[in-house]
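In this document, chain identifiers A, B, C and D correspond to the written order of the chains, with residue numbering beginning at 1 in each.
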């Protein structure tokens, strides 16, 4: 019934002496929501980077829609219908929310330098169409109101703010922060440093909204399949709920979704199929129920997770 | 933006304030275009010193036909584009003639501008042959042409009895022109062989690699057509290598700093061809000039091109005096046809129809053990 | 073959000086990611200050050539280092948070300013160091003529580079510099006074440039106000060749550039020497996009 | 605010248009120089300002255009302005060939390679490469341009030629900036990985930016050759590239009005400072530093692109 849309065959990637992805194979069914899970550093993001062409595999094959895409440049992979979000948020910080989404429309447009300079009717029509499409996507994720604001004005995780605020509320003479930057990228860490230094104003949009914007941009490329890398990272509970709904909505649009996530609640609720990797190898595959009971997975990952 | 305005406009006002005021019509204005900034700034600045001195001289003796002489100088930075702007600026200042500039391609960028405005131009350091081959009526030069200097250089090499000659230039328009002229003449001569011909990069400090390469061709003389800073370094580094091959230069090496850079020991025996220095001319004008320059600036004039600029100024003022006119056509005619054997600071001056200086100008100099430039008989 | 080795020594002498200047570029770049285009002019200032101090204080007469020059070098380095700190405070510090290219333009403006300041103070003509301060001996080994002073210059460069390397690797301040170069934010959190580190870097880099200026003056004897531009460009090339921000890279790059120039002039063409050097640079960068010793950071995605 | 700005620009344009009527020949010629560099700055702005690539070798492309015109005119008698398309084309082709292998270099590594490029071109010109560039003499005796039999030679005539070209350039580049193409370059500048991940062929756009910038530099080379009647290697040194670079960054990287203002400042200030005689460049250097400190983003930084107002927004 459901056909295979993506197929990974014996994929291997080495960085220097380290084998980040070791002989990983799995298939993704068309229209499915699949989760890729595993402990930190297991190689999940590397698998994604291989699929989207950010890295070239040392060995193995990637087939998408019955077409071999191994080693393709990213923009071609995107053209073909795989869009992604990044583990470390990568927005065009100084551009408006709308323009961020328009970046996604790019590959579905044709206007080149010549048409732009002489503003041909075809070019104008295409531009208007792209704007409409971009606004539709913003509407879909609920960010239409923010279209004109700069994306850098969207704030960082509310959870972390709360944590710091709570600590501050005790009226301390000294503040001790334990790994407040855990899981943060460079930009976030920089921002956090500023934050600790200044302890001041908050932005307009929450961190979760930044995530949504990224998804909107990805949707604008008109993908057949969506690759989401830790979409719920840094989100609060409500935001996570909204994301789960969004994933469901996207699925209704006929999209195939793969996601990496640490939030087990989200994975269990949103995914119908899971692949677990550890040390670059696939250790288990199956539906959430099966995975929960898989002893290897419990040992490697869930076991420690559930002890909390 | 406000801050910017706060900085910018006072600067603007200050610069306008410092611009020279408009002069009265009762002066004869003579322009000077030279490199006052940039790599050749020392030449341009000395050109200005020479002209200021000469103008003061005329003014203190009652002026030119009863009018004061005014020198208006503009900076060309040794760059063609800035030179063309400097030239256009001078054309708006009512100058009769312009002295300058240094460097053939820089001069060339301004020739049309002066010609179209009917202003006399007397170049002082622009030796490329083509400059006077265009039939421009208002263009003159007090420096001789490359072919003239090449002839003297080639004859000197022959006379000194060198058989295998290495020629080095620095790829500037002037040095390359002179090098090619000399090479052409040497090749035609019997018994002289050019064993090496290449360009160095001016402005560097270390020429050991080049000297090592030249040495491998074992020439018995080197002719360097570039400028004194490089010539001084070449001499010095050649001596450090323990290589005592005879070394000869063109007139761009005629500068006391050559000896300072090379050191007396290394410079000793260095030959160069050049228009004569004022100190070697036994004319009252030359003696007078050297004395006054010494008094005003504390040293003898360094650059031969600055002295040639002085000659440019002197021929122009002489022509104005003789024709009792500031009509440029009359002045040009006078310079072309009537000026004969005018006693310049660098020998007698006459011009041909093209505006080139005629007559045997070049002399041969050699550096003695005290670092002095001795005119060879 | 003899010519080859002779050219090699020629190239090493030139390269040593490039390397010393390149260190200044690379240190500043390492911490601030700024190409200090005024660095070449700091080098010029060093050679002019050296000349002034040498002639006005007659140190070599009082202390003998070795100690005289050593003291002179220390004074020049301190003075140029101070100029470096002032340069940073005036022209770069206000631009820390701005786009990187803004600071580059400020640096170019500072370069024009320095060059013309020197011209106005000292005049546009060439200046000449007194002769015979250093012994003019020529060493003859295996048929090669090597002036003693060239060996001294190379030796002095190498000693200064090793001293710097040790300083950076072994001392607390050196560690702070490396930390700030790695990640300024993290260094701040670790309690490192990053502004202090920047000041130290802007002292050491220009001081080394000033020392190079003094050496060029002593060795070649002739200085003028525009010379910093060419040396600066060559040294910047050397720093990139080795991998900018990398201290051993600047040394390797400088020496290599000097050797490439000498061999290019010897075996291909003198007139095309600089073009050959740039061509080699471009080819090396095509193969190794971050220079010879530059870290190849695979961007984290 | 927006209308006010446009009013200022319109007033400025009008003032500029009328300036030959009340300025003397010299100041008109200064404006010609400003105009040339404004166009050069705008062409460099595509590469540095929009696409964010560190390019300090633009004089190389400018040189290819100027020399093409000079050779076509003096050797083959092609009228100067007819040589313009070919000059632009060859400069663009040259950019395509040389930029291709180096386009993947990042930041300062690209910077030094482009510096190397302009130096190699200058050295090649001095050494009379292929025997067609005239060595250090350059090529002289280039004709003045002719439009409909009307010969252009006076500064005021060049003024209208140059500024008409500038106006066309501004018009076309403004459209380019506000198009899919312009946006792609901006995405590239902001985050290359994200741009590629959004489906933008970054390598293609980097190269396209270089080629378009080079085509314009080549065409302006034609005007330069016609105005100077001589082209020589001095005019295409590394320093020229630096001047163009300063124009873009000082005026406001990525901003058309900024770049034009940058040209006025970088080219105009040394002329205004002629009153300082030998110290004029000293003041210029100091002015550069201070202007940059006071306007760290450039004097007129680019404004965000405008899109039709979203009717859903209240």
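Rule of thumb we're sticking to: contacts are C-beta pairs under 8 Å (C-beta built on N, C-alpha and C of every residue); 3 or more make two chains touch, one makes a residue touch a chain.
This is a predicted model, so every value here is computed, not measured.
Central chain by Cα centroid: D, whose mean Cα position is closest to the mean of all protein Cα atoms. For chain B, the chain whose average C-alpha position is most distant is A. Separation between the centroids of chain A and chain D, computed from CA atoms only, is 41 Å. If you average the CA atoms of chain B and of chain C, the two centres end up 35 Å from each other.
In this assembly, the C-alpha centroid of chain A lies 71 Å from the C-alpha centroid of chain B. If you average the CA atoms of chain C and of chain D, the two centres end up 32 Å from each other.
In chain A, the positions touching at least two other chains are 54, 86.
Shared contact sites, meaning residues of chain C that touch two or more other chains, fall at 116, 119, 271, 274, 301.
For chain B, the set of residues touching two or more other chains reads 37, 41, 45, 171, 199. Contact residues on chain D toward chain B in their complex (touch as defined above): 24-26, 29-30, 33, 126-127, 135-138, 140-141, 153, 155, 228-230, 232, 234-235, 270-278, 280-281, 283, 287, 290-291, 294-295, 299.
Chain D meets chain A in the complex at residues 172-173, 175-176, 179-184, 186-187, 190-191, 193-203, 208, 212, 304-305, 307-308, 310, 312-313. On the side of chain C, the complex with chain D involves touching residues 29, 35, 90-91, 94-95, 97-99, 101-106, 108-117, 119-120, 233, 236-237, 240, 244, 271-272, 274-275, 278-279, 281-282, 285-286, 289-291, 299, 301. Put simply, chain A touches chain D in their complex at residues 52, 54, 73-76, 78-79, 83-84, 86, 90-96, 98-99, 102-104, 106-107, 109, 111-113, 115-119, 123, 126-127, 130-131, 135, 139, 144-145, 147-148, 150, 217-218, 221. For chain B in complex with chain D, the touching residues are 1, 3-4, 7-8, 11-12, 15-20, 36-37, 41, 45, 73-75, 77-82, 84-85, 88-89, 91-92, 104-106, 108-109, 112, 116, 128, 130, 134, 171-173, 176-177, 199.
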